[in-house]
Amino acid sequence: MNIRAIPPTIFAIALSAVSVTAADAWANPNLEELAGELAALKAEVTTLRQEAQAATDYVAIANLQASYGYYVDKMRWDEAADLFTKTATLEIAGRGVFAGQDRIRTYLHALGELTYGTLFNHMQLQPVIHIGNDGVTASARWRTLMQVGHLGEEARWGEGTYENEYVKEDGIWKINKLHSYITFYVEYDKGWNKGAVPLPKHLDNLEPDAEATVKYGAFPDVFVPPYHYKNPVTGQ
Amino acid sequence: MNIRAIPPTIFAIALSAVSVTAADAWANPNLEELAGELAALKAEVTTLRQEAQAATDYVAIANLQASYGYYVDKMRWDEAADLFTKTATLEIAGRGVFAGQDRIRTYLHALGELTYGTLFNHMQLQPVIHIGNDGVTASARWRTLMQVGHLGEEARWGEGTYENEYVKEDGIWKINKLHSYITFYVEYDKGWNKGAVPLPKHLDNLEPDAEATVKYGAFPDVFVPPYHYKNPVTGQ
Amino acid sequence: MNIRAIPPTIFAIALSAVSVTAADAWANPNLEELAGELAALKAEVTTLRQEAQAATDYVAIANLQASYGYYVDKMRWDEAADLFTKTATLEIAGRGVFAGQDRIRTYLHALGELTYGTLFNHMQLQPVIHIGNDGVTASARWRTLMQVGHLGEEARWGEGTYENEYVKEDGIWKINKLHSYITFYVEYDKGWNKGAVPLPKHLDNLEPDAEATVKYGAFPDVFVPPYHYKNPVTGQ
């Protein structure tokens, strides 16, 4: 093709077309649109990532606390203690505060061993779990229904509310604070209209690191364990 | 550079190259591919959004109903009533239907106050939760294990099945219908082989807005509360 | 416009500009960037898909096992049997192994019918659910709290641990293995300090396909049902 053979106007139109096309490619509506759509999608995926992560965290924490319960049932104390952070605290009934995983382990072992005739069920029920906005802290309310006792000795029903805290360390959720408030503790033979077993106090064989942070009585006293969350509808 | 100095063929090749390049940019396989991939990804993210939203809704509803239970345990009636929509209905045992949040609040307060010696535990257990395709309605079956009574008076075990409905208003899940069918209600001292407490009827101090929608008897009668869902495997 | 009228240098600059623009579009940093961002986003969405899918699967399995419990409560045996795969196994207490959905159905029907005065509650509680990396298998530990008996005859509390397996067939989760270890089984009138009902043995009216895979005693014996999972924190 000889450029001189191109009629000037046609050449100009062709050049113009090329220019427009190239300009379109530079500021191409498709490319710009794509970039815009991609940015919007990235933002949406970021939101989704948080939602999916929160759902994953919910499952992890539900599994964690349920696992704690299954270990406690069978007095697998080392397994249970391993679920806590090194700096965790544990406070159950009126037995005071045990600070740090080592002390929590000591406390748990002080509860005894699973031997013939022992029943020590601590069902972990009714979770209200909230993942923190930081994605590495969480709080949960749970309750435990307890069936405890020993053949030829006592048999008791008990119930308690947990307000627990969790942290995610190196991608793994751990219990950072376990606080169990006893609601009732009664003799199996009596039920809850003929008196109750008092709130358990200090263990005979182990003093706590600090006294109980909240003073309250179990049934027949009534007490509302504090909620870590606001009313889910009113936010108050 | 003088255009006249460009050998025509070279110029033509250059122009052709420019044209091809620009045309490629316009109908560039990469750009088209990208656009196609982006469209596919957008579709996938839409599906993911629904899945993640459903998981988030599941958690919200589980937390909501569990919160309801913790409020009921402690007779925090205003907190509990606030969890319902303005037009919700509540029907428990044989006490009839209470329609609207105000009447639900009145009903709940009519159940009494938490005083020394009262036990009123209503554990919220075993959810089967389905989020509607519209994303703003949901249904759930739950059960409650009840430990109720008063020191020096009665002590009772009870159990019931809920078939509840929820709606999402302004991004917040609320209870729109609560229907509790009592399975059994027995004196602690007797258990469930020596008779049972009859299905609770109208409150002494409050008439319902409508009679019970379903007539049934609690243990020793047997009754299968209707399921809001089909068999999860057969779909029937 | 007459090309001959374009001053040569300006034309050359224009052509050069067009060439650069077109070349940029071909190897345009924006396009390349977009492609890179899209690839990264696709990878992230793939991860999200797995997370969202796992959350969806968690909900499906929780609903499935809870549904099983509601059917068992009311002795809806066909509904319950339909939740199993064709090749599933079922093993409860000391009654041996039943292999295949048909035999599971036969076993369930052999447990009797829901008639006036029957209580057969099997609450499904405290799940620890793990979805396999393949996305089509899962394992879960659950526990059941049982309230069983018959008016004028026996009344019993019982508790057991399940270690179950699930598979996803054609997009639907089903129970592939149900293994229930009884923890305790006691007369309501006695509680758990005056002896216990022995671990249920073979049904009177139905021999199993194989003997129990695990020999153990219920309370007052103590036994730790094997865990399908490692310690969630230590991984051991």
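Letters A, B and C mark the chains as written, and numbering starts fresh at 1 in each.
Going forward, a contact is a pair of C-beta atoms (placed from the backbone, for glycine too) under 8 Å apart; a residue touches a chain by one contact, two chains touch by 3 or more.
Because the structure is a prediction, the values reported are computed rather than measured.
Undergrad: Which chains are in contact with both subunit B and subunit C?
TA: A
Undergrad: Given that subunit A is a copy of subunit C, what angle of rotation, in degrees and a multiple of 5, matches their CA positions?
TA: 120
Undergrad: Which is it for copies subunit A and subunit B: same residues on both faces, with over half shared, or different residues?
TA: Different: fewer than half of the residue numbers at the subunit A-subunit B interface appear in both copies.
Undergrad: Please work out the Cα centroid separation of subunit A and subunit B, and write it as a whole number of Å.
TA: 20
Undergrad: Out of subunit A, which residues touch more than one other chain, so two or more?
TA: Answer for subunit A, listing residues that touch two or more other chains: 15, 18, 21-22, 25, 28, 31, 34, 38, 41, 45, 48, 52, 55, 58, 125, 145.
Undergrad: Given the complex with subunit A, which residues does subunit C contribute to the contact?
TA: These residues of subunit C touch subunit A: 1-4, 14-15, 18, 21-22, 24-25, 28, 30-31, 34, 37-38, 41, 44-45, 48, 51-52, 54-55, 58, 125-130, 141, 143, 145, 157, 159, 161, 183-184, 191-195, 219-222, 224, 227, 229, 231-234.
Undergrad: Spell out the part of subunit C that touches subunit B in their complex, as residue ranges.
TA: Within the complex, subunit C contacts subunit B at residues 6, 8-9, 11-12, 15, 18-19, 21-23, 25-26, 28, 31, 34-35, 38, 41-42, 45, 48-49, 52-53, 55-56, 58-60, 62-64, 66-67, 69-70, 73-74, 76, 79, 82-83, 114-119, 121, 123-125, 145, 147, 149-155, 172-174, 188-189.
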